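Before anything else, here's the structure in question.
Residue numbering begins at 1 within each chain, and the chains themselves are lettered A, B, C and D in the order written.
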Amino acid sequence: MAKKSYRQAIAEALRQEMERDARVIVMGEDVAGGMGAPGEDDAWGGPLGVTKGLMPIFGRDRVLDTPITESAFIGAAAGAAATGLRPVAELMFVDFFGVCFDQIFNQAAKFRYMFGGKAVTPLVVRTMYGAGFRAASQHSQCLYPVFTHIPGLKVVLPSSPYEAKGLLIQAIRDDDPVIFFEHKAMYDEEEEVPDEPYAIPFGEANLTREGDDVTIVAFGRMVGFANQVADKLAKDGISCTVVDPRTTSPLDSDTILECVEETGRLVVVDEAHPRCSMASDIAGLAAQHVFGALKAPIQMVTAPHAPVPFSPSLEDLYIPSPDKIEAAVRKTMAS
Amino acid sequence: MQLSREELLKAYRQMCLIRAFEDTVHEEFSAGNIPGFVHLYAGEEASGVGVCLHLTDKDCIASTHRGHGHCIAKGCDVGGMMKEIFGRADGLCGGKGGSMHIADLSKGMMGANGIVGGGPPLICGAALTAKTLKTGGVAIAFVGDGGSNQGTTAESLNLAKVWNLPAVFVFEDNGYAESTASSWSVAGDLVERGKAYGMPARRVDGFDFFEVWDAAREAIERARNGDGPSVLHVKLSRYYGHFEGDAMTYRAPGEIDAVKAQKDCIALFKRRVTEAGLLEPDQLAAIEDETAREVADALVDAKAAPPPGEAKLLTDVYVAY
Amino acid sequence: MAKKSYRQAIAEALRQEMERDARVIVMGEDVAGGMGAPGEDDAWGGPLGVTKGLMPIFGRDRVLDTPITESAFIGAAAGAAATGLRPVAELMFVDFFGVCFDQIFNQAAKFRYMFGGKAVTPLVVRTMYGAGFRAASQHSQCLYPVFTHIPGLKVVLPSSPYEAKGLLIQAIRDDDPVIFFEHKAMYDEEEEVPDEPYAIPFGEANLTREGDDVTIVAFGRMVGFANQVADKLAKDGISCTVVDPRTTSPLDSDTILECVEETGRLVVVDEAHPRCSMASDIAGLAAQHVFGALKAPIQMVTAPHAPVPFSPSLEDLYIPSPDKIEAAVRKTMAS
Amino acid sequence: MQLSREELLKAYRQMCLIRAFEDTVHEEFSAGNIPGFVHLYAGEEASGVGVCLHLTDKDCIASTHRGHGHCIAKGCDVGGMMKEIFGRADGLCGGKGGSMHIADLSKGMMGANGIVGGGPPLICGAALTAKTLKTGGVAIAFVGDGGSNQGTTAESLNLAKVWNLPAVFVFEDNGYAESTASSWSVAGDLVERGKAYGMPARRVDGFDFFEVWDAAREAIERARNGDGPSVLHVKLSRYYGHFEGDAMTYRAPGEIDAVKAQKDCIALFKRRVTEAGLLEPDQLAAIEDETAREVADALVDAKAAPPPGEAKLLTDVYVAY
């Protein structure tokens, strides 16, 4: 076991699954890079270098660069998945889903239902999300609530390098279409990650902190923020449970509801916009199913109902911060 | 002409089966027995059949909203199709898909598609599977004239060429996308578009089964040999409305009757094979009877079959969840 | 004043606004129909005939048929809106948003913010939604939660002919991008609709019933169902407030919260899938802001987390029904 | 050559301004003073300037992620641009857009665009406005070689032709989309694609300002006269990485130096106008100084300018909400 970055953990998962199963292929814009160019081959590995090094091992037949045509190649991944491959397609930034979502939500996600249970579509779409990169409105969105809304998709939000490796391996082995959200501001985060392959099951939440007073449900990068806050508040005698659901679809509602029943207080932290979000999804779940256990109003910490601003001064205010999470916890404790 | 007697019989059989199927669905829809959006393929049979005759189950096709003909040509079970269109539990898709989503992956039929331009990307995927796993298979996208303009289609042409995929794009140009004429909506020329994306492209008279068959043979052979994708621009005509219920006031009076009288693809086939002495008139008549009976039986069965029960509402969303 | 159908009300709104303002244009696939064809001109008016009759009055320069290229023409509508026209574009079925959403959510919706407040984009996208038409998985979706999630968009769900006319007129006069959802199963519903033009402001909920026991918040076609249920339950002595928010974005949260405070009980009825839905959005809102007033768990009535089935036998079970709404109200009354 | 002396001076001024701007942004990014994704236009100046010289504020352009050059060519304020790239409160977009979203609608600059292929549909809209309101305006989409494959672009070509819009599609083919060569990713030929969509299309040497200018003149005139859209396929080269930070290992060693030495568009322009005696060397030198100073001043101002305050976070989402 060694320290690995989120980037390395993802690359390792890809490599190990490609070794294990010859049907696993990787495709996307510049996932190797240098196609047709006079210089170095495997020049890019995607814009942030995640897939670099795969092509020299597995060759161009299994690591496919694509033209900038997301509908065609994400759809091709869906079609390949339905006919016997296990493609991992890179939708570079999730912000680009608007040019190709049909192939994901009307095709891949619905094959099985529309075809009466006869289709199996083991497609993985890896994609970058999240703010904090000064990448402005069209390269910083979260959008996982949109994918979570769609039946037929599974949606994964790894919150650390360890989680990223295990969840990606599960995603690749899974027989349903999976959207795998990688937070672009987390690629350099490091932690101990086992060298051997391991799969983390979907729909099983991870309790990263256990406490008595408040349940914090947080997603993706927000899990780390929630843990920071929990550690800080512990010193003030406020004891928090932090739930990382890992996957928003399927959702481990049982664990979430149990935690809320135990603590009686709920704060949901969602980096996405507030409307029809995971924050409201979890809040609604609790308000319907464990209403009687709730001791205080549910607090939701989200990004605002506004596009992501470019200016660092504004973007820093935009993202849900540990301070805002702490304030929400204190608020629910005070009521 | 290089078709064997057996192939000729099969071709005629499939065209007649499609025609009988579509005529029957038309009547049943008109009688109020079939719900939803139903788009019929009658008139266009030579295209689906002329292409699919070159294919086996390991080859894939992606169809459009107008999918019944492609399904039959690709070997889908007519009884299961009819049940599907009636929304029955043992329809080909358990009644969950209906006319616009009939599929049978075991036959390489990747589905009718409710999204115009939905199929071409999928076909790039099926072709990629064939290429990667070296199955020897090819993949065919059927696309309408309307669908030819969709960005997904253009992207797929490019991807298929760049990846050198064993794919064929068959543009079935029946002159209309809903009520809009292809002479208006398709800027430029579809054969030129194929060529502009770097691939062989050929215009085909879709009333002439033999011309379709030959052009498809060439394109599919090219794909199988690893020589990449092609485009066929097939000109043809649909006999019914865009969907069932369409009054077709946008068409010229007598337009369809003239086509039927002068160049119905089934009639042309029949004339040609009998005149050339390739098949006997009574063989053809037998096929006509047989296919009519097969469809009539399918109808009776479909009407009698039970709809899916409540237990099916939430199954088949995921393999496991 | 005369009885008019939902279809007629929409057509009248379009006609009157086109008369009032020469910058208003209509575009979409077969919105007039017959383009280039040898037969009748204005043959279609869209697949369900809503826009039929406009072209003969306003001509082909203002009623534009389009090729089947949603990205190009919805994007063109966005570009035209940003440069001086007031386009009303028809996205035939909202299910097709996956081939063109980029132009809506990354372009039109974000112009104003990205450009520092200097853009004005008076775009209206009319679109059909909803199940009940035996149109299967790719022609029956609701999807308004997805649009509601996006900052920069306004989202309208007219619940009757009267509402449709007034809200569409407001949509056309509005200076922001508006998505106007027409339920395909409502086109033939009729009610009294004033002949003269009138605008219903956005973000002002309509209380279609007022009662003491339960607040039902319902959207679009579900408002009529909720009213039926309220009328029925009134006979049993259960008195319901029915709130039609009219627009999910902006949302009249004040009115909704006031009603919930008064009744202490909340049922939300949303025809869309349950996850990250308007049901959870409203539930979360109440659980955060009027928690203290709640006397019972919040109930959510939605479609299931499954694609829409074709078979009538299944589709009838799929759609939220008056029966299911009644059961939810009775459940909240019982707890 | 039909450019007036004034136009020649303007062209040179704008090209130098773009070059100075991009070189400065490059240095500032390298020094860690500019955050985010920044794509520079240096090397491609003749294209943006050669096209936009035919335009006035009533004409619109849509740009790409590589937008600075188009902005300057279309008359955007350089000070406001620099502030925007630094995320300052009085940047052209209040600091909310940044490099990838600079726009100035009052100048007909409809925005850089973070979405490849995002611009062409918008340009169809601007052209529709011009046509509908009879403003006499035209609309130009700049698209990269990578963006040429995007479905939105293909759809826009078709729509522009079918609607007979006053539009021009300028494909700026700098040989790469990120690290991928256009010789690989663009199947077929972009001139042929334009023609296949029924419109005039011309290949243009993008190092030669005069050739760009002439081809653009022809296409824009055609559009203004109501004769519909055109395609220009402009071959050129970018001097910096795809974005700032790109090590460009996919390019051949010496590739950029060779271009700079042999056919830098600014150097070629300078040689041509001086050799032909159209402009004096010291006039050109003055412009070089002037533009360098303008950019240097813009940089000083931008660095000194305050960022937007918290109050701006939630403004400008809607006109009214």
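Criterion: a residue touches a chain if its C-beta (ideal position, glycine included) is under 8 Å from a C-beta of that chain, and two chains touch if they have at least 3 such contacts.
Keep in mind that what you see is a predicted model, and the values were worked out from it rather than measured.
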Neighbouring chains common to subunit C and subunit D, by label: A, B
Between subunit A and subunit C, centroid-to-centroid distance (C-alpha), Å: 30
Whole-Å gap between the CA centroids of subunit B and subunit D: 45
Euclidean distance of C-alpha centroids - subunit A vs subunit D, Å: 35
In subunit D, residues with contacts to at least two other chains: 91, 93, 95-97, 101, 113-115, 149-152, 155, 158, 162, 184-187, 317
Sequence positions of subunit A contacting 2 or more other chains: 67, 69, 71-72, 95-96, 98-99, 102-103, 106, 113-114, 136-138, 151-152, 304-307, 309
Category of the chain touch graph - line, ring, star, complete, other: complete
Complex contacts: residues of subunit D adjacent to subunit B: 149-155, 157-158, 161-162, 184-189, 192-193, 195-199
Subunit D contact footprint on subunit A (complex, rising order): 29-30, 33-40, 43-44, 47, 65, 67-69, 71-72, 95-96, 98-99, 133-139, 304-307, 309-314, 317-318
Subunit D contact footprint on subunit C (complex, rising order): 23, 25, 61-62, 64, 66-67, 69, 71-85, 87, 102-103, 106-107, 111-120, 151-152, 154, 174-176, 203, 250
Partner subunit C, residues of subunit B touching it in the complex: 35-37, 87-89, 91, 93, 95-101, 113-117, 146-147, 149-152, 176-187, 243, 248-253, 255, 307-310, 312-314, 317
Residues of subunit A defined as touching subunit C within the complex: 71, 95-106, 109-110, 113-114, 136-138, 143, 145-146, 148-152, 248-249, 251, 272-273, 275-289, 291-292, 294, 296-300, 304-307, 309
